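Two complexes follow with chain A in common, the first pairing it with chain B and the second with chain C.
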Partner chain A sequence: MIRIYRQLLVAQIQAAAQYRIQALLWMLFSIIRPVIFLAAWTAVATAQGGSVGGYSASDFAAYYIALTLVNHLCIAWNSFEFEFEIRQGRLSPKLLRPLHPLHYSVVENLVFKITTLLPLCLVLVIVALTFNVRWAGEWWHLVIFVPSIILAAALSFMLGWVVATATFWLQRINTVNTLFQRTAFIFAGQIAPLALMPEWMQVVSYALPFAYILAVPAEILRGGVTLERCLLYLVGQAVWLGLTIIAFRFAWRAGLREYSAVGA
Partner chain B sequence: MDAPVVDVRALRKVYRVTERETGLAATFRSLVKRRYREVLAVDGITFHIDPGEVVGFLGPNGAGKTTTLKMLSGLLHPTGGEATVLGHVPWRRDGTFLRGMTLLMGNRSQLVWDIPAADSFLVLKEIYAIPDAQYRRTLDELTDLLELQPLLHKPVRGLSLGERMKVEFAAGLLHSPGVAFLDEPTLGLDISMQGRIRRFVAEYNQRSGATILLTSHYMDDVVALCRRVIVIHRGVLLYDGALADLAERMAPYKRITVTLRGAVGDLAAFGEVVTSNDNVATIHVPRAQAGDRTARLVRELGDQLADISVEDPPIEEVIDKVFASERPLAEATA
Partner chain C sequence: MIRYLRMFRAFASSEFQFEMEYRGNFYLSILEMFLVIGTSIAAVLVMFQHTTTMNGWTLPQMIVLLGVYYMIQGGVNLVFSPSFERLMEHVRAGTLDFHLLKPVNVQFLVSTRHLRVVRAADLALGLAVVIFGLVQVGAEIGVGPAVLFVLSLLFGIMLVYSLLLGLVTLAFWFVRVENLLAIFWAFTEAGRFPVDVYPLWLRVSLSTIVPIGIAVTAPANVIAGRMDWIAVAVLGAGTVLAVGFASALWRWGLRSYTGASA
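So, the complex of A and B:
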């Protein structure tokens, strides 16, 4: 499998090199929204005498910078791609090979993230300097962030695949994707840190998988949670990842029975 | 005797499709209540193919050929019946089965468009776990047979249709599959490229001993490559047997074409005059009497006769007759 991944990486890097400006633009677009929220919350904190619900302007800056980095490392677009793969007949050749189609997406996903990580970090340094960021963490926050971001990225990727399998039944899943994205937007901690949301929303957020993709690793990286809570979050991420993998296996097997390979 | 490589028993596929009438009212009705219709694409076909055979799989558009190939390559689950390919149930898609077969579809691409074919081949080498020496040997062989050398290092999107088909063939055969399903492999190619692909398929079959099931609307492909044909129409198997027998069974006549030095007169006494233009006429005569009738034509037309030829009717005409009959030629077997 390592040899397959090595060769797929080489091929994907070659293909991605031809669209590097597009990849760079996608990366920049992904920064716009958190920076707008950061600016808004900074204005609110300043207007309220320096902080909102215990978050100072610098804390907001740390949170949204962490969130932007986490969002970049966890982003998965396979649910959008999959519909086109089926409609354009690109899934069938993959199904004919002794390698699960999921692996091609893993590589595509990794290549985008690796090739755009450095420019993203440069932009985030500028944002950090502009908003006078303050990091409140301990060394172990950084250590725990590593498994947390891996679990979050895997969870985001596999959830994307579960949504993608809906294409087997619905043919077009744009609306399903939009619903998924909007729900994630509300419950993943993008509007505000989850601690500032009403209590019922916090309960719902931690019961759903979305917080474990963005808010949880972002809060860990910001250094805003205790060690005990960090470990609890890791368990939550692992449980959701396990459930998502099981759901995917069922959905994939059932979906293939529905697959009509039209146009392929 | 070796076990069949492809063994198909009462294979059936029914698609469920939505249906609605035209017009605004019907559109709104369909938003509330959807109507479905079942389309029988393959209706219980049975056949088997022995190792090394090249079999033509014929039928008009919508006959169920591609659906059958998709089931046999594991892309589709059947509604009923059974099939094994290389001893495996295709739709279980286990690794050994996938490593042992290929499905090549004309006008469909399996290569990455943005990179040269040579790089896609290296990916396939790892996916199929092809040992280095075998990979080099197979690639050399395919490069030689398909004249790939100038194409290997160009991005696939820059290749012409014919060039792309050649690299697609190579990509599909790099892992030396024991079974190849070829669906319209010469579709859209010019005459010269069709000929090359045909020669390649024949040579590949001879060199590797691979079993090949081929669909094509170009009868030249079938005549050049297949001694045996399976004909299906509306999902039903109409004929399975030798191509030569099919012509004899469905067209029990020979075609005599006479070219005269002057205008064609009344030739009805020699057989059924099918066409007659200026000085050329085509006559159908019963197969058994083709020799006698030809001799009579030569004798009676004498100096008037400039040329004469006796042939089987074109295979297109024969196949058309099978489709038109729409009933199985029950006594025909492989």
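So, the complex of A and C:
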């Protein structure tokens, strides 16, 4: 398996090298929204005399810069691509191969993130300087961030695949995608750090998977949570990842039976 | 002029019939827009739980701004983006020849030929949000500001149009410009907050490279009473300049077109 992955990685890096500019442009999508909300919250903090609910302007900067990095490392686009693959019948040849289609997209996903990480960090340094960032963490925050971001990226990826399998039944999943995107927009910690949301929204956020993809790793990286909370968050991430993998296995198996493109 | 209006009506009705073939999709698109606008308003509401103003903007004013944001997006996505998408395809494939042969203004044809009729719903929803915000503002809006509002909204849409036309014209030289448009769409997201919220470097790039900042903030400023008719006139003059510059660029680019028979 490791050998297969190494081969796939090399091939994908070569393929991606043809579209360097394109990759950089897609990177912008990870950056723009967090920076927009950072600017807005900075304005709010200023209007309130420097801080809101325990978050100073510098804390907002730290949170949203962490969120940008997390957002980038957790991005997954299969739910947008898969519909196309099914409609064009491109899934059929992939199904014939001995390797599950999932693995190809894991490699694609990893290569995009690895190749764009350095330029992203450069942009983040500029943003950090502009917004006068302050990091409030301890060394163990960074240690816990590593498993947390891996869990988050895996969760985001698998969740994207679960949504993608809806295509087997619905053919077009624009609306499903929008529904997921907008729910994540509200409850993943993009519009505000979770602590600043009304009580009931926090409850919903911690019950849904989206916060475990963005807000949780971002808060850990920012250094804004206690050790016990960090560990609790990791458990939450692991539980959701487990549930999503199970859901995917069921949906995939049932979906393939519905699949009726050419060659199926 | 009448001829062009009649032509536009023909485009619109044919595209409407086309879109009605996929009726389910049509209604779902409208449902999606409700989701998008609803969640955007929710985001602003969460922020204003913690403050009463943001850079001098009150909550009702912010809601008006959000409505304007979706109206401008709706206006642009109703006509210009679908037409330009096809235009890029025509340039790449060489099929722009068919457009060039027709006895009409080519710029008009490529800018308006295709519509995504469902986006008219965005305009309507955006307007509903603006009106909702207005009711919250509580102030009676006189005829004067209302006229200024409509004018600045039109100027805003045309400003974004001129930028899009300029970007799409680059296709004559670089062929593949979808990526440039992707940047543009990424940046438009910034229009959901007033442009003066952003740090200088972002504001400069928003207002010059991507005029969405001006386009969205100006009509909302009219409602907030921060923009008089002189400011709107300046905006209008700027828009005329921008459109003039973009169509000059377009004509220049057209000369570099090498289609199947050119």
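Here is the rule we use: the second predicted complex is superposed on the first by the 261 of 264 C-alpha atoms of A that agree within 3 Å, B and C clash if a C-alpha of one lies under 4 Å from a C-alpha of the other, contacts with A are read in each partner's own complex, and residues count from 1 in each chain.
Note that in this section a residue touches a chain if its C-beta (ideal position, glycine included) is under 8 Å from a C-beta of that chain, and two chains touch if they have at least 3 such contacts.
Computed from a prediction, not measured in an experiment: that's the story for all the values here.
Chemist: After the match on chain A, would you call chain B and chain C a fit or a clash?
Modeler: fit
Chemist: Which partner, chain B or chain C, is in contact with more residues of chain A?
Modeler: C
Chemist: Which partner does A:43 reach: the first (chain B), the second (chain C), both, or neither?
Modeler: second
Chemist: Could you tell me if A:52 is touching chain B, chain C, both of them or neither one (first, second, both, neither)?
Modeler: second
Chemist: Pick one for A:172: touches chain B only (first), chain C only (second), both, or neither.
Modeler: It touches chain C, and chain B stays clear.
Chemist: Looking at A:122, would you say it contacts chain B, chain C, both, or neither? Reply first, second, both or neither.
Modeler: A:122 contacts neither chain B nor chain C.
Chemist: Go through the superposed model and pick first if A:25 touches only chain B, second if only chain C, both, or neither.
Modeler: Once the two structures are laid over each other on A, A:25 reaches chain C alone.
Chemist: Does the superposition put A:196 against chain B (first), chain C (second), both, or neither?
Modeler: second
Chemist: Look at the superposition and give the distance in whole angstrom between the closest pair of CA atoms, one from chain B and one from chain C.
Modeler: 6
Chemist: Counting contacts the way the document defines them, which residues of chain A are shared by the two interfaces, the one with chain B and the one with chain C?
Modeler: Residues common to the chain A contacts of chain C and of chain B do not exist here, since the sets are disjoint.
Chemist: Note which residues of chain A are touching chain B in the complex, please.
Modeler: 3-4, 6-8, 10-11, 14-15, 18-19, 89, 92-93, 95-99, 256-257, 259-261, 264
Chemist: Which part of chain A faces chain C closely enough to touch in the complex?
Modeler: Interface residues on the chain A side: 21-22, 25-26, 28-29, 32-33, 35-36, 39-44, 46-48, 52-53, 130-131, 172, 174-175, 178-179, 182-183, 185-186, 191-192, 196-198, 201.
Chemist: Inside the complex, what are the residues of chain C that reach chain A?
Modeler: Contact set of chain C toward chain A: 25, 28-29, 31-32, 35-36, 38-39, 42-43, 46-47, 49-55, 179, 182-183, 186-187, 189-190, 192-193, 197-199, 201-202.
Chemist: List the residues on chain B that touch chain A in their complex, please.
Modeler: Residues of chain B touching chain A: 15, 70, 73-77, 93, 95, 98-99, 102-103, 105, 108-110, 112, 114-115, 119-120, 122-128.
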